[in-house]
Structure formats: C-alpha cells, structure tokens
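Shared between the two complexes below is chain A, which has chain B as its partner in the first and chain C in the second.
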Partner chain A sequence: MSIIEVTDLTKYYGKARGIVGISFNVEEGEIFGFIGPNGAGKSTTIRLLLSLIHPTNGSAKVFGKDVVAHGPEIRRDIGYLPSEVYYYEGMKVIDLLKYSASFYNCDCTQRMHELSETMELELNRRVSDLSYGNKKKVGIVQGLLHSPKLLFLDEPTAGLDPLMQRKFFDLIRAENARGVTVFFSSHILGEVQRLCTRVGIIREGKIVEISNIRTLQQNNYKKVRVTAEGLTPGSFDLPGVTNVQVEDGMVNFFFKGDINTVLQKISAIQVADVTIEEPTLEEIFMHYYE
Partner chain B sequence: MNANIYRHEFRTRLKSVVIWSLALTFLVAFFFSMFPVFADQAALMNEFLARYPQELRAAFGMDNMDLSTVLGFYSFIFMFAQLCLAIQASNYGFGLVSIEESELTADFLLSKPVSRAQVLTSKLLAALTSLTITNLVVWVVSFTAITLFGEQREYETGTLILLLFSIVIFQLFFLSVGLVISLLVKRVRSVTPYALGLGFGMYVLSAFSGVFGEVALELVTPFKHLAAPYIVEHGAYDTPLVLINVAVTLAALAVSYWLYTRRDIPAVS
Partner chain C sequence: MNIFLRELKANLKSLLIWSAIIILLIFMAGAKYSAFAGDPELLNMLDSMPPALLDALSMSAFNLTTISGFYGVMFIYFALMAAIAAAIWGSDSISKEERDKTVEFSLVLPVTRSRVVTAKALAALVNCVVFVLITWVMSLVAVRSYNPDQAFYNFLALEMEAMFAIELVFLAIGLLLGCSMKQYKLSGSAAIAIILTTYFMSIMAVMNENLDFLKYFTPFKYFDAGELLRTGKMDGMYLLISAAIVVACVAAAYWFYNKRDLYI
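So, the complex of A and B:
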C-alpha cells in the first residue's frame, strides 16, 4: 500500500513558485529520500503533506486519505522534524515534550525518557538556553515520542555533530525496522545514500527523477583523481571517462560506469595517491540537465 | 476545543493578566479615592469644567457628566479603564495566532493532530478566560472602591452593573477585531504597535466624534458604542450602537475562522 500518494501537486505563493505538478508515491516501510538544492521545493512538499499550507492545484493522500480533508486524523500517526526547530522559548524541555505528547492518545513518558537518553538530551533545561544542535535533539525526541507510522525529516542532520548524526541514523533505522515509513529530505547526497532505498530528485519545483539509490549511483559520475609519474591524458582511455585534465602528474576525470574497470586500470600502475569522490549534488543535477 | 492548547495558552498569558489587573486596580482605586474631594467641591468643580470649551469637554466625553455623583465620577474613570481594557484585548487579539507564527512555533502546533478550528477555538477561549479574569478584577475593585470612598452616597446599582457588564462586550470587540486584522495582514512582526494603534485609534475616533458632534464615526468605535456617560445618563445601553458592536464582533470572528482554516503558515525565511 502506498503511504503517500502525491498527484500533480502544485503550490504557488502568490506568483512565486513553490512546486509545480509533482507526482510520486512512497510505499509502506521504505525510507524515501527527497533531495534537491535549497529552494527546490522540498520543504514546500512536506508542508503541503502536513497541511501547514494548502495546495494551489492537485492533491495528496497520506494513509489513503486526502491531506486537506483529513488533516488532524492523518497527523495522529505522523512525526515531523522541521529543518529549523523553534519551540516555546520560556518552556522547559520536559514540559515541551509533555505538551507535545499530550496531543496523542498514548502514555509516552517511558519512550520520552528512552529517546532523551539516547540523544543525550537534558530535560530540565529551558528551551531558550539550548544550542541549535540541542534544539534539534528536542525536535527528534518530539517527533518520535508518539511512535508515529510515518516520519517526515526535513534536513534533520543540520546542527548535529557526527556522533549524534550516527546515533540519529541508528534510531531512524531502528524505527524503519519496526515498519515506520520515512520521508527524508536533504541536500546532502551522502546521508541520503546511507539511509534511503529510493530517492526523488527535485529541482526548481519539479521532480527530475525518481529511482532506486543503486541505479542512481550506477548512473552517476564518480570524480577520480590519480597521482602517479608518467601519466598522460591517454592513460585512462576507457569507455565512460570524460572531462580528462592533466596537471603536474595528476589526472582528474569523471567516470560513469562500472568502477571496477577503473580500479583495474589503476592497480596496473604505481600510483602515489588516488581519490575517488562522490559527485556533488550540483554535479548530479548538471548530469540531469545534459 | 482542545484542553491542552487551552491550558498552554492560558499559562502563557498569566503574567500579562496579572500585570494588567494590577494596573487597572491601581487606576480605579487611586482615582476613585479622590471622589470625596470632588464631591465636596462639586459646585466649584462643575463650574470649573463649564469654563472649558464645549469641544474639549466633548472630546473627553465630559460634556454631560456630573462629577459630583458617584456614577458620574466613576464613569469618568471608567473611560480610562476602557482604554486599558481595549489595549489589553487588542494585544491578545493581535497576538493570538501571529505570535505563534513570528516565533515560528506554529509548525510545532499545527503538525499535531488538531484541526485549525480547534486550535483557534481553544486559543480564543483561553484569551477570553484571561480577559474575564481582568474583567472580574475590575468588578471587584469598582465595588470595593465605591464602598470605601463613595461616602455612602446613593447610586443606581443597576446602572453600575450595566456599565461593568459592558466590559465583556467591549473586550470581545477588540479581541476579535485584533484577530481578524492580524489574519488579514501578511505578517505581524510585533504585536504591541498594532494593539496600541487599534486601542488608541478607536479612542481618538470617539474623541473626534465628540468634538464634531453627530458624525458617522461613532458607528465605528466601541468607545461610543458603550460610552459610559450615555449609560449613566440613560441607565441603559444605546441599543442600536451596541447591536452594531456585537455584529462587528461576530463578523470578525466568522471571517477569522474562515481565514485561519485556509491560511498558509509562513515558513522560516
């Protein structure tokens, strides 16, 4: 069953574009990555699904129900972590979490403490005293404490240190293993690749591509840089190699295809240094516009 | 109506309610404590007032006010109390949903399983509760002050009750008009200027309408709809004007619900 069904969804803010004619489905139990640069319409899409804003055109269903008509009912099983977290400044963390929990028919106290312990969140501090990263942790606990069936994560890792990021990813994976569907929006390709099974790429308000993360990676360029003596532009004359540049005994090129062929080629020579990098998101988008 | 939102909203406003109530207590009690002096020198006082130009007296609503009677003097103070109550109620009205948006907590609240109508109803009831507390404080302090400083002079208790009962109508007007304006403008960055603007604006309008005599302005402002001197003089409300007041309040509330349920919550920018 599709947890999210988006059909031809369009949102204009006055004349400014939000998103235009977006359609996609998210299946039950998957982690769906939603990537795109800033201003592409990621947050707009999530806010439409939460009915924080209303569509100009098209429709969206969550759990098979229309988001505009059945908003409150749908939101009972949704957890939302916004990209920018803001909470009532005067409240203590514990009171805020209790307030949040009070909206759901559950006794979330135990889970609240477990989650706070995992995320190393101090419950007795005031929201106004928290750093950005700590507010983000409040957001995470707040979004998860009622055991939602669907999670919206809007650029969730910003502000978290690497250690916390890892704990957070573990938490999301654990939730996912329990059958929770995750909608993960980000502009960092790496984290999407670590977590997601399927991704949608959005650019300038339109979906450019929806595919499995594997296919996306296979279809994508790797940036390869090899440093060795006696290299010539012809050293890596393979199918899939483009944009070859040589300087000071260093070869830079883009490669698309089976990475093993390049590795074999590299292992045949005595190299001083090798880096193989993910293309930046920008470069992926370039690819989609070629 | 959602009890959690109601409780949360009420708590947020508690401090403000205490401060406003204290201010009004001080205002009513302090000014009314001067009543004995005014009452003793009544003839002198009224003569003194009569020397001012008619327009000036009208501007302060003092053209048909007898400061030597309990209610005449009280209605003079009551107008200043009204001004405070107007600013307080507009303040709550303008801030009702806009603070949540300018402090960006609206995302938190509205992603919870509650409908917009529920949110607005809970917020309105919480604000009304807060205003009612201030209202009750004014009732208590008014009766107490009149008992303490009224020198046991005769007055129409019924008229005083009518006067005090007008507070809730008055508060509801500013609460709902503030709310509807806050939903009509794109974004309210700071609540206080709006609230002061609406409160003082309406007061000034009523002053003008006093100066220029019978003008259409009095149809707009609650300071005229529920003018204390009129109520004291007639022992009754100016029914058509009060009906206009209630109609505006109801219309503002209806439009507010319509706007809020369709509102796009602005994102962080």
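So, the complex of A and C:
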C-alpha cells in the first residue's frame, strides 16, 4: 500500500508559487528522499501533507485518507521534525514532552526517556535556555516518542554536530527497520544518498525526476579519468563525451552512452591509469539544476 | 483539557498584570471619592459646567457625591479596561501561536483546529470571569469605609454583570480577529482599533442627537451606566444584540480558522 499518494498537488500563496502539479507515491517501509534547493517547495509539500495549509488544487492522501478531510486522524501516526523547531519558551523540556505525549493514546514515558538518553537531552532545562542544536534534539524526541508510522523530516540535521547526526541517522534507520516509512527532505545530498532508497528531485515547484538512487546513478554520466602520455583534449572526441579537462597528462571527462566505445578508444592507447566512476548525487543534482 | 490547562497557565501573567492595574484604579478612585463624598459645593461646581462636557464624560446622569453616582462614572473605565483585556486575550491566544511559530508543533499534534479554538476560548473566558470577580471584590473592599446601602450593592452587581457582558462581546470579537487574520501582527491592533472606535461612537451618540443611531453599533452604549442606575436592569434588546454578536463572531471564528492556511 502507498503510505503517501500525492496527485497533481498545487499550492499558490496568493500569486506566489508554492508547488505546481506535483504527483508522487511513497510506499510503506521506504525512506523517500525529497531533494531540491531552498524555495523549491519542499516545506510547502510537507505542510500540505500535514494539513497546516490547504491545497489550491489537487489532492493528497496519507494512509489512504485525504489529508484535508482526515487531518487529525492521520496525524495520530505521524511524527514531524521541522527544519526549525519552536516550542513554548517558558516550559521545561520534560513538561513539553509530557504535554506532547498527552495527545497520543500511548504510554510514552519509557520511550521518551530512552530517546532522551540516546540524544543526550537534558530534560530539566527550560526551552528558552536551549541552543539551536538542543532544541533540535527536543524536536527529535518529541517527533518520535509516540512511535509514529510515518516520519516527516524537513532538513533534520541542521544544527546537530556530526556525532549527533550519526546517532540521529542510526535512530532513523532503526525506526525504518521496524517498518516506519520516512519522508526525508533535504538539500544535503550526501545524507540523502546514505539513507534513502528512492528520491524525488523538486525544482521551482515541480518534480523533475523520481527514481531509485541506484538507477539514477547508473543511467547517468560516468566519470572517466585517463592518465597517459601525449593526451590532448581531442583524444576522446566521441559522441557523448562532455566536460573534457586536461591537466598534467591526465584527461577527465563525463561520458554518457555505450561504455564500450570509450573502452576501445582507451585500449588503443598506452595508459598509465584509468578510473571510471559513477557520479555522486551531488553531480547529478547539479546537472538537473543547470 | 491539556490545551486548556496549558493555556490557563500561559495566560496567568497577563491576568495578574491586568488585575494589578484594575486594583490600582479602584483604590485610586476610592481615594478620590473621599474628597467628593457628601460635598455639596462639588455639586454646585458641576452644575456650572457645560452640559455637553458632562455628557461626554458621561457624568450628567450621576450625583458624584454619592457612592452609587461615583461608581456610575467609574463604570466606563471598568468597561474600557475589560473590553481591551478581553479582546487581547481572545485574539492573542490564537495569534500568539503563529507569532511564536509554535503552530508547527501545536497543530501537528492529532487535534482538530476546532478543539484548539474551543480550549483557548474557554481559557480566555476563565480570565474574563476572574477579572470581573477581582473587580467586584476589590470594589467591595474599597468602598467598605463609606458604609454603602443595599441599593449600592445592587447597582454594583448590575455593573459587574454588564462588565461581564462587554467582556463576552469583545472576547468574541478578539477571537474572530485572531482566527481570521493571517497577519498575526494586525489582529491585536485591529481589536484595539475596534474598541476605540466603538467607544468614540458611544460618546458621539450622546453628544449629537443626529448621531443617536450610533448607539446600536457600540457595545458601550448597550450597557450605559446611567441607564443601569435609572432602570436597575440591563436592556433586553441590547442583551439580545450582544448575544447575537457573540454567537456570530464565535461561529465565524471557527469557520475561518478551519479554512485558512496557518501562517508559518
């Protein structure tokens, strides 16, 4: 069953574009990466799915229920970590977490303490005294304490130090292993690459590509580097070759097409070294944005 | 229940500040009255003042040298403070969540927006009730030394009921502004603007006979202290209009808040 089904979802803020005609599905148990630059519409999409804002057009279903009609019911099984967390300033962390827990039909006390321990969160401090990173930790615990079936993470790692980031990713992987579906929005491609199985790339309010991370990498450019004497920029003058750079007897280029044509060319030369790599998500990403 | 309790706690500081202000007002007024009490010369002086001025200050209907008359003049100040406090409680309890950006937390919880509005409105209502009770009790304390008669106590009770009615009207208006306006910065100022406008309308309605019709548009005129003192009861028609305003504003508040985008 698809946990999230988005059909032709459109949101305009007055005349300003939020997202335009977005459609995608997220399947149960997967970690879906949602990547795009700032202002592409990532947060807008999440807020529509949480029914904090209402669509101009189109519809979205979570757990098979329409988000506008069944928002509160859906949100019982959702955990949300926004990019910037804001809580009632005067409250203590422990009181805030208990307050949050009181809305769910569960006894979350034990889990709350486990999570706080993992994230090294001090429960007796006031929210107003917390640093940005510590508020983020509160957000992580608060978003997970009721054992949600679906997690929305909106640029979750901002403000966390590398150690905490790793703990956080371990936590998300563990949740995912329990069957939790994760919707992971980010513009940091490294973390999406590490965590996600499938990605959707959003740009200027529209989805430009949805695919498996592996296929995305395989069907894309290969990065080729050849070291040999006497190479010139014209040495690999083949169809499908782009971005040729020559330095110190080394040629770098991108290639898309039948890899055999390149291999034949290379085998005709006396080479010192050859590498053929898949591009990083970063490089694919840049390609979509150019 | 959890939203209601949290809201009560969050509102407590504001309630304490408003209560301190009104207690100060009551005791300062009490001290002032001691200068007027039973002084016939004051009456002569007031008689020599232009009637329009007395009308504007809503002093013409009262004998300032009696405690009832004095409290009649005081009523408009109670009413204004109650109106401002109630309107701010109504609009702020909704709009502060957007101002402090906590709405991304509080409305991602599995709650309907209507439940949020209900809890917050009830918490603000509790503030209003407490505010009236404090005004009432402190007034009783402040006038004790003048040994007021039963008529005064009856009039005070009536004034406090009227003050509560005004609170309800402006609480509902404030709630509507908080729920309907996406620009949270504006909702509080809009509430104050409405209060001041309706207050000046109530003055204009008295001063100029051609503007008499304005009295239907200003809650301050629905519960005019002079009329309360004269008739000893609240006007049924005005009570009905007030109730209609409250119901309409509250219904509209729910409707808007369920429909609109939250400002994040």
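Just so we're on the same page, the second predicted complex is superposed on the first by the 224 of 290 C-alpha atoms of A that agree within 3 Å, B and C clash if a C-alpha of one lies under 4 Å from a C-alpha of the other, contacts with A are read in each partner's own complex, and residues count from 1 in each chain.
By definition in this document, contacts are C-beta pairs under 8 Å (C-beta built on N, C-alpha and C of every residue); 3 or more make two chains touch, one makes a residue touch a chain.
The structure displayed is predicted, hence computed values, not measured ones.
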Review point. When the two structures are laid over each other on chain A, do chain B and chain C clash or fit?
Key: clash
Check your understanding: Given the touch rule stated above, what does A:Tyr132 touch, chain B (first), chain C (second), both, or neither?
Key -> neither
Check your understanding: Between chain B (first) and chain C (second), which does A:Tyr86 come into contact with in this model arrangement: first, second, both, or neither?
Key -> both
Check your understanding: Of the two partner chains, chain B (first) and chain C (second), which one does A:Leu50 touch, if any: first, second, both, or neither?
Key -> both
**Study point:** Touching partner for A:Arg76 - first (chain B), second (chain C), both, neither
**Key:** both
Point to revise | First (chain B), second (chain C), both or neither touched by A:Tyr104 | key: both
Study note, to complete from the structure: Interface residues of chain A shared by chain B and chain C, listed 13, 47, 50, 52-54, 71-73, 75-76, 78, 80, 82, 84, 86-90, 99-100, 102-104, 142
Check your understanding: Which positions of chain C touch chain A when the two form their complex?
Key -> 2, 6, 10, 100-105, 107-112, 259-262, 264
Revision key, fill the gap. Interface with chain C, chain A side, in the complex: residues 13, 47, 50, 52-54, 71-73, 75-76, 78, 80, 82, 84-90, 99-100, 102-104, 142
Practice item. Would you pull the chain A residues touching chain B in the complex into a rising list? Key: 13, 43-44, 47, 50, 52-54, 71-76, 78, 80, 82-84, 86-90, 99-100, 102-104, 142
Revision key, fill the gap. Counting only contacts in the complex, chain B reaches chain A at residues 2, 4, 8, 12, 103-108, 110-115, 118, 262, 264-265, 267-268
